[in-house]
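Below are two complexes that have chain A in common, paired first with chain B and then with chain C.
So, the complex of A and B:
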C-alpha cells in the first residue's frame, strides 16, 4: 500500500514537469490556434542544451535553466517567423504540416549529429527518505522549479500589460488589433514563450531521466494528453492536467509494464476528448 | 425511377470517357511492362517501393486532400494489415489472397469503428489522435503474444511454394501490388466523381457550411478514414508476405507515412494524379540523395525542408502550379 502511495507521489512530482511542457503547448494553441508539432523537438533541444552545458562547459545543471529559457525564447522568435507567421489564420492543416516539417528537419539533424543512443546527465542531489522509499532530489527540485515557473507565468499573464495583451489576442485577435495591440508582435512573443517553456521542461526532464534524440515524441504526446486534460489555452489547467497524468502513471506503474504507458495515455486522450471536449479543469472558464 | 437509372448509367459511362481514366490505365501499364522488358529484377524492386508510395499517398490524399484532415499515422493501416495477413497465413494456414483480403476488411472495419468515435473531433484534435493511435497500436502489438510480441512473426519459405517458388512468387507479389496501386488510383478517381467525394470536398472547404447544407460530416469523415485503410492494409499484407518477416518497429515505421504526406503535398493535394506524380518525383529525389555522399544521412532533413517550402509557398503542390500556368489542364489532368 505504501509502495503504491510512494509511486503516486513520485508520479505527481514528474507529472508536474509534463504540466510545464504542456503549458507551452497550450499557450501557443490557445493564443494562435496553432498546434505546435515542433514542441517535441524543442523539448529535446532543452535536453541536449543541458547535456552540452554540463559536459562541455562544466556548468552545474540548474545554472543552465535561465540561459536555456532565454535561448529557447530566441529560437522561438526565429521559428515563428520561419514556419508559423505565414500560416496563421489559414486552415489547421497548414500549420500542422509546417510545424511537422520543421520537426522533421530538426530531428533529422539531431539524429545525424548524435545518433539515437541514450544520453545521461548525472546530477548529484540528495533525495528525501520516507519509510523504505527515497524520492530522488532531482524529482523534488524539478517539481519545485515547475511550481515557481508556473507562478511566474501566471503573474506575467494576469498582472502585466504584455501578459494582458497576450490574453486579449487569445480571446479575440481582431478586437485586440482594433484597440491598438500589435498582434503580430504579441503572437511571436507568445510562440517564443511557449518554445522557451518546452526547452526548460526538456532540461528538467533531462535531469531526471536518460534521453535520446527521439525522446521528444514521447513527451510531446504526453503534452497533448495533458493539454486536453487541462483544457485548451489554460496554463493553470495544464499544470493540474500534468499532475493528473503523473498521478495516473504513478498509479499504473506498480500494476503493468511500462511498455503499456502509450496505450493508457492514448485511451485517456480519446476518452477525455469525447467526454470533456473543453477539458476537465476548464469548467470554471466557460 | 427510369430517369434516375439513366442518370446513374450516364455517370458511370462518363467515368470511362474522361482522360483521367486512361491516364491511370497508362500508369498501370507502364508499371507492368517496364520491368518485364529484359526481366529487370532490380527495376522491379525499385518499382515495388514506388507502388507502395503511390498506394499510401493516394489513400492519405482521401483524407488530406479531399476532407482536409491530416492523418499522421496512416502507417498503422499498412502495419496492421501486414500483421493480420502474416498471422492468418502462418498460424491459420490461409492462402495469400484470402489472408490479404481479410486483412483489408478487418483493418478498414477497425478504422470505421475508431473513426466514428474520433472523427467527431474537429481539425487539429483528429491529427493528434492519429499520432497517438500509432504509438498505442505499436505498444499493443509489441505486447501481444500471439503475434510474437516485439520479436515479430516469421513466415516459412514453404508458403512461397503455391505461387511457384520464391523467384516466381516475387513477380506475382509485384503484379498484385501494382493491381492494388491501380485500385488506389481508381478509388481516388471514383470517390472524387461521386456525391460522397463532393461531400468530402465540401468538408475540406468549410465543415460548418457542409453540415448546414446536409452533409453528414461525422459519417462521411469516418467512411473516408475507413476507405483509406482498406488498400494500404492489403498492400501491407503483400509487402510483409514478400519479406516473410514482420516486427512492430518495421510495421509501424513512421518514416513511410511521413513520406506519404510529403508525396501528396509535392504532387498536389486533392488531385487524382498528383500522388502518382509526387511519388515519381520523390523517388527520383530519394535516389539522387542516396547516391550523394553529403545528403545520404539527411533524407529526413531534406524531405522536411521540401515539405515546409511547399506548405508555405506552393500549397497546391506541382499540380496546383501547373493549373495556375495552364488553367485548361484542370479538365484533362484531374
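So, the complex of A and C:
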C-alpha cells in the first residue's frame, strides 16, 4: 500500500515537470496556432546547456536556471524570425513542416557534435526517505520550481499589460491589431517565452535523469498529450495535465505491466480529444 | 558538347562499381548507424572492422589459394533505421558488388539485413546482433560471431548463485526483441538455479522515469536485479536505483554499463555488473590472429580509446572471415560457407563455432560471455572482469548494500 502511495507521489512530482515541458508547447500552439516541432530539440538544448554550465563553467546546477531561461528566450526570438514568422496564418501544415525541418537540422547537428552518447549531470541533493521508499531531492526541487514557474507565468499572462496583450492576440489577432497591439512583436515574444520554458524544463529534467541528444522526442510526445488534457494556451492547465499524466504513470505501474502505460496514456489522449476537444482543464475558459 | 559530357558522366558512373570489384580486391559491404539512436555502438563496431582492414592490407592482403586480395570495406549510414538497412544492403550487393557482408549493429537491424543477404545468397557475418530467432529461419549464409541472447545472463546467474543460492530476483527489461530474449532465457536459468523470481516486467523502450518501477522492485522485496536494454534506459535505471536508495545486493544491467561513458554516473555506477561479449583484459590464447592484448594495443594506437566489446567482436568477425577465406582457398560462396561451418577456432574474441544443424544454422555455440563489474580503484571507476573465475581481474563485490 505504501509502495502504491510512493509511486503516486513520485508520479505527481515527475508529472509536474512533464507539465512544464508542455507549457511552452501549449503556449505557442494556443497563441499563434503553430505546432512547434522544435520543442523537443529546445528541451534537449536546455539539458546540454545545463551540462555545459555545470561541467565546463562549474556553475551549480540550479544557478543555471535563469541564464538558461534568458538564453532560451533569445534563441526563441531568433527561431521565430527564421522559421515561424512567415508561416503564421498559413495552413497548419506549413508551420508543421517548417518547424519539423528546423528540428531535423538541430538534432542532426547535435548528433554530429555529441553523438548519441549519454550525459549525466550529477546533483547531490538529499532526498526524503519514507519507510523503504525515497523521493530524490532533485525530483522534489524540480516539482517545486515548476509550480513557481507556472505561477509566475500565470501572473504574467493575467496580470501584466504584455501578458494581456498575448492573450488578446491569442483570442483574436485582427481585433488586437485594431486596438493598437503590435501583434508581430507580441507573437515573437510569446514564441520566445515558449522556447525559454522548453529550455528550463530540459534543464530540470537534466538534473533528474541522464540524457542523450535524442531525449527530447519523448517529452515532446508527452507534451502533446498534456496539451490535449490541459487545453491550448493555458499554463495552469498544462501543469494539471502533466500532473495527471504523471499520476497515471505512477498509479498504473503497481497494478499492471509497465509496457501498458503508453497504451493507457494514448487511449486517454484519444478519449479526451473526442469528449473534451478543448481540454479537460480548459472548460472554464470556454 | 552536351552529349560528350553526358557520355563522360555515364562512363564515370559505369567505372565506379568496376573500381570496387577490382581483380585483387575483396569488397565487403555493411551499414553503420552513424546517426540515430545506435550511433555510439555502431561506430565502435565500425572501428573494429576498420582496424582489421588496415592490418590485413598492410600485411599484403588475405591469401586465398595462391593469390593475395586486399580488403575494401564499403559502408553507408543506415540512420539506425530498418528501412534504410533494407535499401542499403540491396545497394551494397547490386550496385557496389559486395562479395561478402558484415552485419549492422543491433538485433533488429540484423534481422532486416539478413532477409536481403539470404535473398541474394550472400554470406553475412553478424558481430552486433545477439537475438537468436533470426537463426531459426533456415538461413544458409548467416553466421553469428558473438554469444546469442539466450546465454547473455548465464554467467550473471551463475555468479549470483555462488553468493546467494536463494536470491530474490527482479527481472526488469526493455520491451525490445533483444532484451526480451535475454530476460526470457535468464528467467528460466534463474528458476533452475533456485532463485525466487519476484518481479518479471518489461518497460517500453521510451521509458523516461523509472521511479514507479523501482518502487515496485522495492515493494517486491527483491535483493537482486537483472535487466535493462540499451543505453539511455539502462543508465537512467542505474542512476535512479542510487537516487532512490533501492539498496539492492546485486544489480546486472545490459549494454549501458559496457560503455566507458557509464563512469560519468559516478557513485550510481559503483558495483553494477554487466555481461560482456569481450573485455580488453581477457586472457584467451588465440589459434589465429593477434592476442587480445596485441589487438587492444593496436586499437588504442589508431583510435586513442580502449576498444569495447563491439569493436572486439567486429575485429573478431573480420578474423573469422579471413580464416575461412584462407581455408577455403577460394572466393566461391559455397566453399567459404563450408569453411565457416567447419570453423572451430579460438581468436582474441574467444572460442568460435557455428551451429550447422538446419534448425539453428549459423548460431554461435562456443563463445562465452564474461561478467564485468564497475569498481572503484584508487579513486577511479573501472570495469573489472569478475566472472568466470578463471578470467577474473578482480574479486566480485557482493553484497553491494
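Here is the rule we go by: the second predicted complex is superposed on the first by the 276 of 286 C-alpha atoms of A that agree within 3 Å, B and C clash if a C-alpha of one lies under 4 Å from a C-alpha of the other, contacts with A are read in each partner's own complex, and residues count from 1 in each chain.
One rule holds in what follows: contacts are C-beta pairs under 8 Å (C-beta built on N, C-alpha and C of every residue); 3 or more make two chains touch, one makes a residue touch a chain.
Everything numeric in this text was worked out from a predicted model, so none of it was measured.
Chemist: Sticking to the clash and touch definitions up top, decide whether chain B and chain C on chain A clash or fit.
Modeler: clash
Chemist: Where does A:210 make contact in the superposed view: on chain B (first), on chain C (second), on both, or on neither?
Modeler: In the superposition, A:210 touches chain C alone.
Chemist: Given the touch rule stated above, what does A:249 touch, chain B (first), chain C (second), both, or neither?
Modeler: second
Chemist: With both complexes superposed on chain A, which partner does A:224 reach: first (chain B), second (chain C), both or neither?
Modeler: So A:224 only meets chain B here.
Chemist: Go through the superposed model and pick first if A:136 touches only chain B, second if only chain C, both, or neither.
Modeler: After superposition on chain A, A:136 lies in contact with chain C alone.
Chemist: Just to be sure I read the superposition right, which of the two partners does A:126 touch: chain B = first, chain C = second, or both, or neither?
Modeler: Neither chain B nor chain C is touched by A:126.
Chemist: Does the superposition put A:259 against chain B (first), chain C (second), both, or neither?
Modeler: Both partners, chain B and chain C.
Chemist: Where does A:14 make contact in the superposed view: on chain B (first), on chain C (second), on both, or on neither?
Modeler: Second partner only, chain C.
Chemist: Now for A:6: first (chain B), second (chain C), both, or neither, which partner does it touch?
Modeler: A:6 sits against chain C, while chain B stays out of touch.
Chemist: Touching A:111 in the superposition: chain B (first), chain C (second), both, neither?
Modeler: Touch status of A:111: both partners.
Chemist: Tell me which stretch of chain B runs into chain C once the two are superposed: 150-158, 186-194, 258-266 or 276-284.
Modeler: 150-158
Chemist: Where on chain A do the contacts from chain B and from chain C line up?
Modeler: 108, 111-112, 221, 257, 259, 261-262
Chemist: Provide the residue numbers of chain A that touch chain C in the complex, in ascending order.
Modeler: That would be residues 3, 6-7, 10-11, 14, 108, 111-112, 115-120, 122, 127, 129, 132-136, 138-139, 208-212, 214-215, 218-219, 221, 246, 249-250, 253-254, 257-259, 261-262 of chain A.
Chemist: Considering only the defined contacts, which chain A positions touch chain B in the complex?
Modeler: For chain A paired with chain B, touching residues are 29, 35, 83, 86-87, 91-94, 96-98, 100-105, 107-109, 111-112, 217, 221, 224-225, 228, 257, 259-263, 265-267, 269-270, 273-274, 277.
Chemist: Looking at the complex, which residues from chain B come into contact with chain A?
Modeler: Residues in contact with chain A: 64, 68-70, 72, 117-118, 120-121, 123-125, 127-129, 131-133, 135-136, 138-140, 142-143, 258, 261, 265, 297-301, 303-308, 311-312, 315.
Chemist: Which bits of chain C are touching chain A when the two form their complex?
Modeler: Interface residues on chain C, with respect to chain A: 35-40, 43, 175, 201-204, 206-209, 211-213, 215-216, 218-219, 231-232, 235-236, 239-240, 243-245, 256, 259, 261-262, 264-266.
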